[in-house]
Structure formats: C-alpha cells, structure tokens
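There are two complexes below, and they share chain A, which is joined by chain B in the first and by chain C in the second.
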Partner chain A sequence: MICLENNDEMITIFVMGKKHRVPGSLTIMKAMEYTGHQFRRGAGCRGGFCGACATLYRKKGSYKLEGALACQKIVEDGMYIAQIPFSPSEKKTYNLNELKPDAPTILEYYPEVSRCLACNTCTKACPQDIMVMDYVQASLRGDIEQAAKLSFDCLSCGLCAVRCPAEIVPYNVGQLARRLYSKYVVGPTQHVLDRVKEVEEGKYDEEVKELMNMPLDKLKVKYNTRDKVEE
Partner chain B sequence: MTRLAYYPGCTLKTNARNFEESTMATAEALGVELVEPGRWNCCGTVHALAKDDVMHHLAPIRNLIRVEELNAEGSVDSKKVVTLCAMCYNTLKRSNQVFNQDSDKRKKIRDIMTKEDTQYSGGVEVIHYLEALKEQGWDKVAAQVKKPLKGLKVAPYYGCLLLRPRGIGIDDADSPTIMEDLLKALGAEVVSFAYSQKCCGSYHTVHMREVVADLSHKILKQAEVAGADMLVTACPLCEYNLGQRQTQVKQQYPSFNSIPVVYFTQLMALAFGLGEEATAFEANRPEPTPLLKEKGLLE
Partner chain C sequence: MSDYTSGYPEYMHESLKKVAALRPERIGKHFRSMTADEKQQILKDYHPDWKMDQKRELKIGSSKGQLMPHEVANILEAHSIISSKDIDLKKIDYDVDILIIGAGGAGLSAALLAQENGVEPDKILMVTKLRLGDANSKMSQGGIQAADAPEDSPTHHYLDIIGGGHYANKPELVEAMVKDGPDVIKWHEELGVIYDKMPDGTMQLISGGGTSRKRMHSCKDYTGMEITRILMDEFINRGISYLDFTCAVEFIKDDEGQVAGAVLFDLDSDEYMVCRAKSTILATGGFGRLHIQGYETTNHYGATGDGIVMAYRAGANLIHLDSTQYHPTGAAFPEQIVGQLCTEKLRGRGSQPINKEGEQFVYHLETRDVESSAFIRECYGRDNGITTPTGMKGVWLDTPLIDIINGEGTIEREFAAMFRMFKKFGIDIRKEPMLVFPTLHYQNGGVEINVKGETNVKGLYACGEVCGGVHGKNRLMGNSQLDLYVFGRRAGKAAAEWVKTAKIGKLTLKHLDDYEKMLKEEKIKTDRKSPILLPEYRGQKTLEHHLKLL
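What follows is the complex of A and B.
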C-alpha cells in the first residue's frame, strides 16, 4: 500500500515512454506501482540491498543517461524511466579450490577485462558509488586485495555491465576477486570454524526444530520482536 | 632522498616483478624514493594512432592526473613520473603530448571526463628510469658499484618503444648511447650489434609465435655473433619475446645457443652488490645465474 503525504505535489514521469502523473515524493518503484505496474521481476528487498531493481533514466532536458536502484531513487518531473529487471551476463563456473589469487585467473575466466579503457563509465553508473573502474583495473594487475575491498559494497545490480563499452561484466569480476581474497588471502577465520563445528555437532538442532513446528501467528510475533544487531 | 612519482604498470606487478624489485633496490641505493600512487590503471597499452581514437587517451591521462594528485598532496618533489616498462613510457608520454599539443582532443578528453573530481592540467613530465639515472649523473651510478661487471660482455637491446618516434624516445633514435653509458658505469664490456633496435615482434607473441621466434632468433644470433654473453632490455614484452620465447626459437632452429636476457636494473643491482632479492634473477629464462657464476660475478 502506498501512503501519500498531505499535499504531495503531482509530477509527470514517463514509464517506457508512456506519460503518467504521480506524487513527487515517491521512489521510482513506488511511482511505477502507483501507475499500475506490477513487479514480477526487478524487485526484491525494496531496501537498497539486493540490487534487483536496476533502472535507467534520463532527466528532463538532459543528455545524460543515468542509472539508479528503483527502490532508492525519488522520481523527478519529466523523468524518462526504463527498468532493467535482468542484465544478461556470462557467469563462469569454477572450482574455487583449484584457483590461484592472481591476474591470470581473472583473465582466464573474464578475458574481456583486458579491454578496459579506463573510461570510468562504470563508476559513474554505479548507484552504490563504488569505484568500479578502479577495481576492474586492480584485478587486471592481480591486486586481488584491492579489487575485493573496492568492490565490497557491490549489489550486482548490473548497471555497470549495461554501460561498459568494453562489454566487461564488472560485478562478476568483483565477485571472483572477493572469493579469491577470502579463500586465499584472508583464509578461514576461527570464529566461523567454531560455529560450523557447533552446527555440525547439533547444538542448534532443537531450536531449529522448534521454529519449524511453530504456528504461523507465533512465528510472526517472534520475527517482529527478534533481536536486531545494531550497525 | 629525492621523492619521485613512479608509475609501475600492470606487467611490473605480474610477469616482470624482477624488473620492479631490482629497480626499487637500485633507486634506494642512489637516494631516490619511488612513490607509487595509491590509485592507478593500465597505461592504455599501445598508443592510439587513429586520429579519432580519443577514448584510448583516457587511461594514460588518468594516470597523469594521479601524479598531479601525488604532487599536490606533497608526497613527491616534482611533477615528474618515472616509468620502467618501455610500453608504459611510450603510451603515457605520447598521450601527454597529444593532450598538450592538440586542443581539440584536449577538449574531447576533458568532456568525456566530465563530472570527475580532478581535471588534468597537462603539467606532468613523463620520464624513463634510464633518463632519471642519466640526470643524476653516471659518476653517481659508478660510485655505487661495489662489484664491477668486469669481463661481462653485454649487448644493450633497445627495441622500438624507448627510441621511437623521434621527440618521444629517450635518446637518439639511430645511435643511442644511454644504455651503453650505464653499462660502462657498471664496469661491463659493451657489445654493439646490428639489431639492437630491431622489433622483437611485440604482441604477435600471442597468436603468431613462429613470427616472434623468427625475429628473436635473428636478434639473439646477431648478439651472439658480435660476442655478447647476454642482452639487457628495458621492456617486459621484449624480455618475454627474447628470453622466455627461446624454447620456441630452439624448436625452430635446433642449432641455436640460448643466451640470457635481463633487465638493465638487474645488472645494476648485481654491480651495486644488493643481494639476491634485489637482483631477482630466478624469474629470468634462460637462467642467467650459471653464466654469472662462470664469470665470477655470482657465488
């Protein structure tokens, strides 16, 4: 349900070229729902974390093609909007246990990385303000640590890949770099090993069983009153 | 200690680590601190020759911006940037020239880089490490020599990118002397040979190995005929084609005698007596150590 603030000013937006009047305080996602669109793909967490709602738009009178997450960006008057519910990308499969954390590994799976022109279009397209070009470049020279750290906030929304003139899929490269970094540079951490052992020894079996058998109404109450870890 | 900006380039962090390690050690010995920017990208590899190919100037210009940033924050003493790889040197220097001499391209480059934090002023000077050494003076280099390379016959191999085109190259395009001067300062015996500026085949090594093996054979054979024990180079791609490709050369020319190829900085580190970590010979193929032991330069 969409709650409108009092006296919310109505503005004009264009969804896939069709004109609509919507309240000006809505996000692109809510505005599209306001106009009657239903999201079957291209919507997930609605909180800016999952990267499912990549959207391209142009502002009135601007030559610039811009990108955003539909659940985060507030609509503007005269905005032209096209949702990118899915960005087709070639995602390689590999066995992490057989790889080395170096440049040849990156180039074996994603050779198009070597076509990077450092034009920085990916960085400008990123709704997370990640230095995408810098992490692509770091991976090209085998600096796995920098590639992993710079790409850490990536949601895999795909806007960088849609915009890259060298047809690189930066988010897949970043993901490979982060996997290599955690497997080979950081290595396993003791607290994770301890917890996995606890799980395997059945420490939480009782608790999980209890949750599985809980009636839905009680489960809802438990969920809504759960302990949250403060950021 | 003089602090100079240093642009490594991707190969110096991967296949040519021995070039970087030997350079760092020799620079330190000479009282030069080479400062690598926190951010940098590929140089652009190969200067864009097509007139309308402005896009390929972005990568080199971006790196020059990083140098200006280093200078602005006071981490280096000048707006000079030292390069090692001959390809990086050539690409950065030529794009810098385009930016400063062609106002149309300068405007286009700036337009593409719109809405970015920093714009390039054009004020960076791109130099090669060999030029930085020359500027210090060969006597200063000679003063650091602990173990002169006596009896070692070395052929300097320039290749293309250090010398051409005119106005970009670090020395006279037809009769360069800069590597000869360095080798003399190190106490080595300089062997001049006809093919010291002949192309090694460059990127043909990726898909036309036999062409590269053929060219490498000609160059190496000439050096051998001229009496050289080994070759020195300043280019990771030349090192690869002349050195690592010798297995292929041997297949095509069974009577070929292998001959070591090293970076000039490795011989500096050897002559300066900086130790194994600095000379970093273990990555070179064919291995130069047996020859150097034979000459009494390594234990």
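What follows is the complex of A and C.
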C-alpha cells in the first residue's frame, strides 16, 4: 500500500467554508473524501464525462469565481470550494418529429436566448472550455449546425446556467440544437438503412445459423483463419 | 535541467526520448498478432482471471459452485441490508405496471420501448441511485459496433464476438446482438444522435481489438455521453416517471414466486418505500467499484454490483461471473486520474503500445484480455515497464502516431475528451505518449437472460452490464454499448407484453428469510451486508492503492 501523505505536501482548503488539511496532489473530489465526506450528490462518473460534480471555487487572494469539475481539478492552498450538484432549470418537452431546424424553433422553446448580453460569462465558467456564448449566439441566428458542433462536448454540468446574467440555460439549448442538426440537417445513413432491410428480409439468417450450429473445433478453425481488414 | 519539454517527471525523459527516436521506424511496420496457442499461454500466465487464489466457489443459491472473484462472492454470501420484518408490504408507495431499476443506456432504452409498446408513461417508474443517466453507459468513449458497412455483415460480427468470447457466449444472444445492431444505429439517428461521418455521408468506421472489419461507430470520444443524453432527453419528452437518488435494495416477490416490484431506499430521506410492479426490469450495470483484485477501475461511482445481489436473492441464475474485463489502457499517470479509461479508439487510430526501450511489444489490436496480459507481462514478467512516482508500473501508448498517420488535427477533433483530460494535467498527447496499465473495466458475466431479456424468475427482466452470456468470457470493444440498446429494447418490449396478462398475488419478502436460512445452513458466519450501494472512499481509503499483482 502506498500512502500519498508521506511524500505529499499538506495544504489548507475550505469545503463549504469549513477548514481542512489535505494532501496537495488530490483532486477536489478525492480531497473532500479525504476529509470524511461520502458523496451522495455531487459525484458521478469520476472521469470527466457526466457533469455531476460541478464546483465553484475561489483561490486564495483572488476575487474571481471559477468553475471546475471536482474530479478533474487539483486542490490549491487556500481554495474555497462549493459544489453545485444541481442547477434549477426546466427542460422543455417536445416531439422531435414535428420540429424544424431553425431559429423560431429554438425561440419557441427557449425564448430567453434572445436576452443574451454577449458578456461571455458562460464561456468563462465552462470547465470543458466550450465557446458557450458562441453556440448560444449561433442558435439565436438559426445556425443549427454551428450550435450543434460548438456545444458537442457539453456535459450539462450547469455552471454556465448558474452564472448567466440573462438567465439562459445554455446546455438545454445546445441539446435541442444537436438533435435538430442530426435529425434534419445530417439525416439517416443509407448503408445503415440498406443493412436493416437486408436483415429484416432474412438475408443473413442461414449464414448465422450455420455458425451457431457449427461444432466447436470447426468454429475455432473458422475464427482463427478468418480474413481481417487491417486498420 | 533536462532539455526535453515534458509533462512527465524528469526521470522518465530518457525513456520518452527513446520512444520518440524509434517512432519513425515503427510507422507502418506491422507487428505480428499472436497465434491461438500464444494467446492461450499468455492469458494463463498473466491474465488476472487465471489467478485461481483470487476466486472461490459460491457456497449458496441456485448458482452454487460457480467460481467467482472473492469480492463478488463476498457480496453474495452476505446478509441483506433489510429484514423481511422491517418492511410493511401493505403500505404500497408506488403501484405501477413496470418498474425499471437503473437509468443508464439499458434502462432508458427499456423505458422508451415499454412506452412505445403500450404502457402509459405514468405507469412506468424508473428509479436510479444517482441522477438520470448516471451510469457507465455515459463514459463509453470509443464507440459502438454494428455490422452495417457494405463489406461487413452480421455473420462477420457473430464470428468476431464468439471467438473473442472464447466460445463461451450463448449463441442465441449473440445472434440477437448482431442482427439488431444496424437497427440500433438507425434508431439512434432517428432520435438525433450525431455519429461521425465521412464527407460522402457514410459512417466513419474504425477497427477495434479483435474485429475483422471496420465496425466501430463513434461520436468523437464522447460516444456513450452523446447517446445517453439523447435517450434521457427523449425519456423526459415522453413524460415517463422517475425517481432519482432512490436505490432499489431488494426485490419483492408474490406468493406465486414471481417478482412483483422492489423495496426502494430514498437517499435523501433515508426511508424505505414499497413499489409494486407487474414487470420489473433490472438495469443496474456492473461491479467495477468492487475493485476486483485491488484494481483501479474506469467505472462509475455507482457501479457496486447491487443488481446481481438482488437478483440472486430472488432466485435468478448467474453466468460467467468468473470472468472480468480489464481494459488494457487505464491511465497510470498522473496520479489524479489513475485507472481512468484511455479509449481503445486510440489504438484503433494507430497508437502502439511501447515499452521503456521505445519498442512495440504486442500487436496493438489484440482482444482486450490478451492485450492486457501482454501489458502485465511487459511490466512484471520482463521488467520493461516504467515506474510511476507512486510505485505503479505502466507502458507507453504512443498517441503522437495518431496525427502522423491520420493527419494533423485528428487528435483534437476525434479525441476531444482525452486531449482535454491530459492537457488539464499538463500532458499534450499530440506530442507525448500516455502512460497506461490495465484497469478494471467490465463485468463480463452476470444475471442469465434469454433473447427477450427474461430471467428464469417470472416477472423479472434484465438488460445491460448486469447480465451475462452475451460476451462470453471476454467482451470486444463497442459491444457493450450495442448490448445496452439491443437488450434494453428487447426487455422493455417483453416487459410491456407481460403487463397485459400479469396478475400479482400477495406480496412477500420470504425469499430474504430463505436466503438467511441458506447462509446459516452453509455455516457462513459474516457481518457483511449487501447491496453496498455506495463505495467507501473516506479518509485514508482515498489514498490506498493495493494492486495484488505479484
């Protein structure tokens, strides 16, 4: 067993205001666990893919309020930490099959988009370094493709929404834009549709059954000598 | 001072220079894949599954005698966290047609299909331990397999799966997977999933370990995140009910022996609740957070194996739990992200595994079990690994090759998540390799199901990682993503069908008393309780690393 503490400088952090001494190399998430906290809310994938651990912090001596994912950010001496495990917002419901990929659709569901002040606070708050303001503006213009592409890496952690002075919930807007883009701008893939039809018509039934019923030794030879397309 | 600019400690620079120096020679050079005999030998010598002292035969229940890791046997040979006396089954808090436990890709697919097959949205209840969509499904990076390319076929896919799974797979489940595959992709596109495509509008497909055709569809390296969030969005659009931060802790049965709902636990109020349901769908995912053999894991915080425990106490059969998947490329450095996934797509795009001398030591696209074994051999059998500051070993994954082979900008475009993660910790994977070591990734076995997603217990359905049989004893990349949607949809459909004629008798938790009796009869004296619901990482446990490798 290796203990970090032996070769790791201890630092001071404040979790929701409470002072703790923790090893300085830990992420915010692990530092909170080190202090004795067992997560119920505020922890998810622990790998930067789910946005459950959105966190706001101020560094020692700084007036700036910064955002991060607790699982991806290393603690710093004097850091003040508050988790924001949920941002209040209503995701509008819609039937994707009845929509058009344009600005009126976006504005119908999220009219507050037109209140965007172009202050860029959302972009500064994003732990994924996404150009949030740019995709909000793109959706307002009806540039659904740009809105979809710029917002693609969004984890819906909510930090942009809690910081926006115009009270926009950018991640909901991005989600609508992406579904519209895929469904109406990109559309289905022909070779996928073709293969689905072939399967439905039973084209592969016999071949697959033959493999299913093949004696093990023959199946092994078949597998070991199968032709492979190299990358 | 070293003249080498690097995100790695100075003592690693000599090895890194060798990796860079030999890189030009390695481009385009084919490293031979192992023969069938060589594969068997290296698995036997180095794969964690072959360490027999790390497993034992299960002492109780319908799958008594099956071999499984101690960590899994420990949660099965344990007391329930509730007693039948604690719960008043006359007070029903939720009375629904279908209860779905788990809100990842499998559970969400099941919910959508149940609704499409005639169950009212307010007669479906999904419960999830954490948030909607919090699951391993979301963390899948590299892709999803489906045989829809003209040069590919479900037959090729079948052969790759069954051979990769060491022929232990249930053939009819594999057949269902490969035939449903293209339809799953079609369904995703209808729902608005943005798959990576070529300029001509065809799918951008790549190879994975053990695939004979380019079959991997991806959404950059956020594949699971993109698909899951769209299923979540659609789930909410359809108005299906759900309770988050609510765990299921045990199934409820009726006097006919069928599963008839579950006892729920509210993580906010710490109260138990009773949910009666005509069909119950188990979609709780895997067990990575049990840290089998002390391995770090790629898995979600909630992956504590709760589903197998509940299902087993209710009498469901288990299968293939002796086999566990270790993903070859878990991060070994920096310390903050040790064990986290470095997608197989990195190898699919040409990254090679390299030892401390800068040499490739294994074909880069062997199946995961073989590839992992080769990494372990290189570190611990041949001492050709690189030791990290915390004493762990790893090998290089030469990511700069990706941009050299596929053109500058490929990493930033296709590996946004990986690039971002390593950049945060000071490593530019366009210029320097990653340091990697196998990490606990996937529960190959689990609850046994048939092609409809039915278990051997009436009224109980299961889908996704909690199940076994589909992947045999080794799963190929991109097949768990496919598995979720194939069997999630099938289970949802079958459960909706069963609702039409199902009749629930008197509710009971007698099976928990019976399980207690079995523990006593087998003289299992333990204070262990399960399901464990949340992993324990508090205090010093934050700092522990205890790989039992040698």
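Convention: the second predicted complex is superposed on the first by the 184 of 231 C-alpha atoms of A that agree within 3 Å, B and C clash if a C-alpha of one lies under 4 Å from a C-alpha of the other, contacts with A are read in each partner's own complex, and residues count from 1 in each chain.
Operating definition for what follows: contacts are C-beta pairs under 8 Å (C-beta built on N, C-alpha and C of every residue); 3 or more make two chains touch, one makes a residue touch a chain.
All values derive from a computational prediction rather than experimental measurement.
> May I ask you to decide whether A:Met133 touches chain B, chain C, both, or neither, giving the answer as first, second, both or neither?
In the superposed model, A:Met133 contacts chain B only, not chain C.
> Does the superposition put A:Lys18 against chain B (first), chain C (second), both, or neither?
Neither: A:Lys18 stays clear of chain B and chain C.
> Identify which of chain B and chain C touches the larger number of residues of chain A.
It is C that touches the greater number of chain A residues.
> After superposition on the shared chain, which partner residues are touched by A:Lys124: those of chain B (first), chain C (second), both, or neither?
In the superposed model, A:Lys124 contacts chain B only, not chain C.
> Looking at the overlay, what does A:Tyr181 touch: chain B (first), chain C (second), both, or neither?
The answer is second: A:Tyr181 touches chain C but not chain B.
> What residues on chain A touch chain B, complex-wise?
Listed in rising order, the residues of chain A that touch chain B are 102-104, 116-120, 124, 131, 133-134, 137, 140-143, 165.
> Sort out for me which residues of chain C touch chain A in the complex.
30, 36, 130-131, 133-134, 136, 138-139, 141, 146-151, 153-156, 158-160, 162-163, 167, 171-172, 175, 178-179, 182-183, 185-186, 189-195, 197, 201-203, 206-207, 212-214, 219-220, 222, 224-226, 229-230, 233-234, 236-239, 245, 267-268, 298, 300-301, 335-337, 340-341, 348-350, 365, 389-391, 416-417, 420-421, 424-425, 534, 536-546
> Where on chain A is chain C touching in the complex?
Those in contact with chain C are residues 1-5, 7, 23, 25-27, 30-31, 33-34, 36-41, 43-50, 52, 72-74, 91, 93-96, 128-129, 148, 152-153, 155-156, 175, 178-183, 186-196, 199, 204, 207-208, 211-212, 216, 219-220, 222-224, 226-231.
> In their shared complex, at which residues does chain B touch chain A?
Answer in residue numbers: 10, 13-14, 39-42, 44, 55-56, 58-59, 62, 112-113, 115-116.
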